[in-house]
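Shared chain: subunit A. Partners: subunit B in the first complex, subunit C in the second.
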Partner chain A sequence: MSAKSKSFPSIVFAVLSSYGLAITVLSFLLLITFLGTLSQKDIGLLDSQRTYFDSWWLIHDLNIGGTLIPLPLPGGGLLMLVLFFNMLCGAVIRMRKGWRTVGNLISHLAIMFMLAAGFVSFLYKTEGAMPLYEGQSSDQYQSYHDRIIEIQKFDASGKGDDKALVIPMKHFADLDPGKARTFFSKDLPFEIQVTGYQRNANVAQAQEDDKTGIDGYRVQQVKNAKEDEANVTAVEITVKPKTGPEQKAILWERQFEPYTVKVGDASYVISISRMKWKLPFAIRLNDFVRELHPGTMKAKKFTSHVTKIVDGKEEPKVVTMNVPVRDQGYVVYQASFSEGSNGEQSVFTVVTNPSDQWPLWSCIAVAVGLIITFLQHLIRFLSRSLKTKAVI
Partner chain B sequence: MEITETRDISTHEAKPKLNAYPQERFGDERLRWETPTGWSQAERSQMRPVNLTFGPNKEGECYLAMLPGGAGGVLANVNRWRKQMGQPELTEEDLTKLPQKALMGIQGVYVTVDGAYTNVGASEAKSDHRMLGIVASLGEAGLFVKMVGPKALVEANTAAFDQFVASLSLRTPKQ
Partner chain C sequence: MKTFLLACLFLTTLVQAQLPDPALLRDKAIVATFQSLPIQEGGRIKPLDTYARFLLLRLHGKQSISVEHPQIPEVKKLTAIQWLLLSWFRPDIARDLPLFVVDNSQAVGEIGVDPKGLRDRYSWNEIVKGKEELIKRAQAYSELESDQLTGVQRNVIDLARNFFDYDAVSDFMTAARTDWPKEVSAILPPEVAKNMAGSNGVWDLAVKLGELIRNPEKMGALGDAPRSKLLELFINTTLRPGKTLSFIPPDDAKNDTWLQVEQTVTTLMKEGKLPESELRISKAKDALYAASLKTETFAQAVKAFVADVRAVAEKRGELKHVDREVSYHKNDFFTYALVWYLLGFLVAFISLVAPQTSLAKWSARIAWLSLLLAIGYNVYGITQRCIINERPPIATLYETLLFITGVVAIVGLFIERFTRQSIGLVVAGFVGALGMFAANRFMALDARDTMPTLEAVLITNFWLATHVTCINIGYAGAMLGSITSMVYVIYRLFVRGPQVIEFRRLLTRIVYGIVCFGVLFALVGTVLGGIWANDSWGRFWGWDPKENGALMIVLMGLIILHARLGGYIREIGLHALSLMLGAVTLFSWFGVNQLSIGLHSYGFTAGISLALNSGYSIKAIFMLICLGFWWQERAAKNALA
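Showing the complex of A and B:
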């Protein structure tokens, strides 16, 4: 068949299933892995991951002799998507099926499964910290990076609702000073206008003649920290009730107490904080043990003796480095510790990820596929050698 | 934009304080105090976490300072203040005779000095001034409250000084 007679879908399929595309994609993946790893030094882990690996495309500033040249590159998300379809078309659909190719097929399907695991993890994984003092219990963990504005209602007796309204960060992180967005809910007797987002900020007392001050305070922009966990976010809000005057407030991640809006007998507290997720069980820290390398302050081992509490039923557990507690799809790891005014605090990392074990299964399947392929080659080689000897 | 997302509130979560004052919300140095009526807040600094002024032209000042090293101890600080007012130094024995006042729960030496006041970095002394202050030590650290201004103005604001000192406290953040 001549090239001219090929239909458009068949041309697309030919490109998608080509070795050339596979080599191009893998080369770009190698390049962005290299550049993304180097960029961590300048922009930190989170921004590097978002810029180079969670993106469709990116502009990398190539430094040549002190001159920055903007270099457009495909992002990790796009490359992995193309790689997935390249393997689907080239190594699954186009490949001849039979016993001789079964190992290859298994290995390629397993790599596709690993890429799918990455996609599921990107969409559904939550990860956060649960710091606990000895004797303290908690059944929630808070995000390392995702900030939220939340509003919780309290009645006249001071009893709070068991759910809070949440404005996720993606809806206000673009609101630089000068930009504003108004949020509403059928459960709120007012609207909230958000503006002046600062990823890292300090709140200082305003001079008395400072007209930009709110309640005697003002937001000071601070240079972003390389590690996002160290950033302290702030926004300015204007509460617009259906009747009555508007109220302005500063929300700051490090504030001691939330801002309160009173409407009738009800109070609404508004704060900015890290996203918190509730666990289906509680963890109580009974004892934290820190072992150091002799003569140093370098940690050798952290161990937390905890009690897992599910519906009032208590179960003792030990969480230590590389030995997490798993339950109902949640994994509780020993992460670190800190020392504060209230004593030692054990810090756990809690992760839930539907594709948690998929990379392991994928690696096993890749290994099985490769072993089958190698054994087939070995058997064919040995049988050819035996035939040759028999002929001689 | 409509708010559509919610999150479950944990029973282990600390209940927030409703109707908190701005100072309670942003007390980044964990300090709480009440600014006396008629006084004003001036720009704070690391050396002066509470910095207030008073008087018709803000000629009186009152601030709290906390120094981790203590700045040489109680006697050295009292004598430094006396020198600023053009007064001779006291001895250890004189120090024991000075009255005491509580500053954030710690007993400190209460100092009253009249004289010509020379501020840090100033070349000329201001006559007929009064300085009130409390010097307290907390371990290695020193806690100081100092009020200075024209004598008549300081006399008129002595009750406000006492009220300010009594309102000072340290708060513990919620976990």
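Showing the complex of A and C:
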């Protein structure tokens, strides 16, 4: 069949299933992994991950003798997607099926499954911290990175429901000073305009002649910390009631009290904080044990003796390094600890990930597939060597 | 004048008579007994021998010290333990020895001491002249950000740390040497000193002083000046030197932290009492000095002291690997392995360059024997470490060097078994010698115990045995493939003849097989690492530099396999990419650690930049030569066409 007679779909299939595409994708993956690793020294892990690995494309500033040359590159997201289809077309659909290729087929399917696990994890995984002092319990964990603006109707009796209107970070993280976006809800008697997002900020007293100041304060930009957990986010908001004057305020992650605004007869509290998720059970920290190597400050083991509480029923559990507690799709890990004036605080990482155990199954399949392939090659190599020797 | 000189000689002899005989400190039985004294350091129980070795390595850059001293003219070299004993019992001699290695002599010049050459060594007595300036500068430099420090400033900081550490070590027996009644009488008012006059040694004095301290009225009546002088005397003679060694097993079986003299003496002063075994061992240490003044009593005293500590340690179940560790260091398995690997390489090389001759046949046999011996030493050494550490073979960067070298050598011999062309022997010998040399240099540069206690997250034998072992076998495969490709390049450059093409093809097949082997282990190891991370940190993949490094090896390996299968590369291309895989492996193995970021803490990599960059450069040069081969082949094809 001549090249001219090939249909467009078959050309696409040929490209998608080609070794050339596999090599190209793998080479770009290698390159962005290398560049993304080096960039972590300057921009930290989270930014590097978002720029190089969670993206469709990126611009890498190549430093050649002090001159920065912008180099457009495909991002990790795009490359992994193409790789998935490349394996599907080339190593599953196109490849000849037989005993000689069974190992390859298994290992490719397993790697596709692993990529799928990564994709599911990327979409649906939640991960956050739950710090607890001894005797304290909680059924919430909060994100390490995602911030939200939370608007809640104030109920002085404290008996009202705790429903809050939430503006997720993705809707305001692009609002640099000068950019603004207005949010509204049928449940709110006012609109809220957000502007001046600063990922890491301080709130300082404004100069007397500073017209940008709000109630005598202004948001001061601080250089982003490499560890995103250390950043303290701030935004400026303007509350616009349907009637009455507009009110401006600064929301800052570290402020002691949330901003309170009165509109009509009702009061609302507005704050910026980390995204929170609720667990279907509560955890109480009974005892935290920190073992050190004798005579040193080097940690040997962290162990948290906890109680899982569901509907008043209590169940003792132990969370320690490398041994998390899994329950109802949630996994509770011993992450770290801190020492404060209130005593020792155990910090748990809580994760829910539908594809939690997929990589394990995938790993077993990859290993089986590769061992079959490798043994086939080895046997072929050895028999060839023995034949050569016999000839000699 | 003659009378004066005779008087001086007599006085000197008299003074000498009050000091231990240095020859005693080199007595084989005494040294061996001291070597086996269990102590606690860095969170584990180890023999005093290990402590001495790594202390000397840190201060001096070697585990032995060359000596040229008028008081011990017959001695040319001291082992680490002999040097430590000399420092304890005869600091007057030890402080003259050229001990402190200083990379840049400017650092010494900065503190007002006459500089010598680069990486020269200075005695305590030389450095002490610039002590004040050393303190001042080290303090100032310590306040700077670590990445802003110049090499000289780092040297000053290191020198200060080493100097004061050694200062305390060499005072270890000062409390025992001190004439306490005399010193106390010179400080305290006569009526108070009278009560202390009968005190023998710091331990009796500590009890009486404790009583005094616990009585604020009496203590206050002493006045500020005597109080601070007394404190100063205690700090300099007892507390500061007493912090250098934890050799007293606690009486409380539940307490796993061994005690130092500083702690026992402080407890004695505060509480007026100590558990019997703690006081007995603390006192026995000082009694060693008095015993050392008489040749006939010293050996017995040392034996009794060490036996006492060992008995308590054994009762606590903490003595089990001490003797094995002494033997491990004494046998120096990896140096022997280095020698045999080197011999194997040289002999195998003869076999390679003179193929199909009787010389080649015999050389190959000798190389086999030599390399088997080398692997035996390598593997036995690793096994000893596993037993001592009670864990799988790899948990530190140093251990990766030992393990990967062993794996490469074993796979090299395996290849040789089937190819019989001496390639496997040459590669096994070369990598073996290089790996053992690198391990030796790494240990010297790091100058820390190579069997440290591990961070909490690493204390899991299952994952150390699976993920870490797998990934290191992957590294070994990649390095072996890369070095075999270097053999290919050298062979192609220098060897001509009819058999060349067949041999090159064989090399290519070997490299392809090794890359397959490496990718298998690197891929499985990397995924296992993800599963471990999922269990430890709640995420399978976190784009941490070390994880990325492992992924890069896998990606590079997959590129090679797919390029080969797709017909994009043949002989030269495979070797060029295999060399690149070697460079990627170097980056993953050592390079990412230099970024000093991420969750994987594999310790020290400072000072290896030069070696690492040389490694990258060599790979790059070989890749360029491959490019030249390709060009040449292309030109030849074009000419034919």
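Here is the rule we go by: the second predicted complex is superposed on the first by the 354 of 392 C-alpha atoms of A that agree within 3 Å, B and C clash if a C-alpha of one lies under 4 Å from a C-alpha of the other, contacts with A are read in each partner's own complex, and residues count from 1 in each chain.
Following the convention adopted for this analysis, a residue touches a chain if its C-beta (ideal position, glycine included) is under 8 Å from a C-beta of that chain, and two chains touch if they have at least 3 such contacts.
None of these values were measured; they are calculated from a predicted model.
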Touching partner for A:F337 - first (subunit B), second (subunit C), both, neither: neither
Which of subunit B and subunit C A:P258 touches, first, second, both or neither: first
Which superposed partner A:Q152 touches (first subunit B, second subunit C, both, neither): first
Touched partner set for A:L188, first subunit B, second subunit C, both or neither: first
Which superposed partner A:F113 touches (first subunit B, second subunit C, both, neither): neither
Touching partner for A:F281 - first (subunit B), second (subunit C), both, neither: neither
Common interface residues of subunit A - those touching subunit B in one complex and subunit C in the other: none
Subunit A to subunit B touching residues, read off their complex: 133, 136-140, 148, 150-152, 154, 158, 160-168, 171, 181-185, 188, 202-205, 207-208, 215-217, 250, 252, 254-260, 262, 267, 269, 271, 275-278, 282, 341-342
Subunit C - residues contacting subunit A, complex: 40-44, 246, 256-258, 418-420, 453, 455-457, 459-460, 463, 509, 513, 516-517, 519-520, 523-524, 527-528, 530-532, 534-545, 548-549, 551-552, 555-556, 558-559, 562-563, 565-568, 584, 587, 592, 595-598
Subunit A contact footprint on subunit B (complex, rising order): 1-13, 15-20, 22, 24-28, 40-41, 43-44, 171-175
Residue ranges of subunit A touching subunit C (in the complex, touch as defined): 18-20, 22-23, 26-27, 29-30, 33-34, 36-38, 40-41, 45, 48-49, 53, 114, 117-118, 121, 125, 127, 226, 292-296, 298-302, 321-324, 331, 333, 335, 349-351, 356, 359-360, 362-363, 366-367, 370-371, 373-374, 377-378, 381-382, 384-386, 389
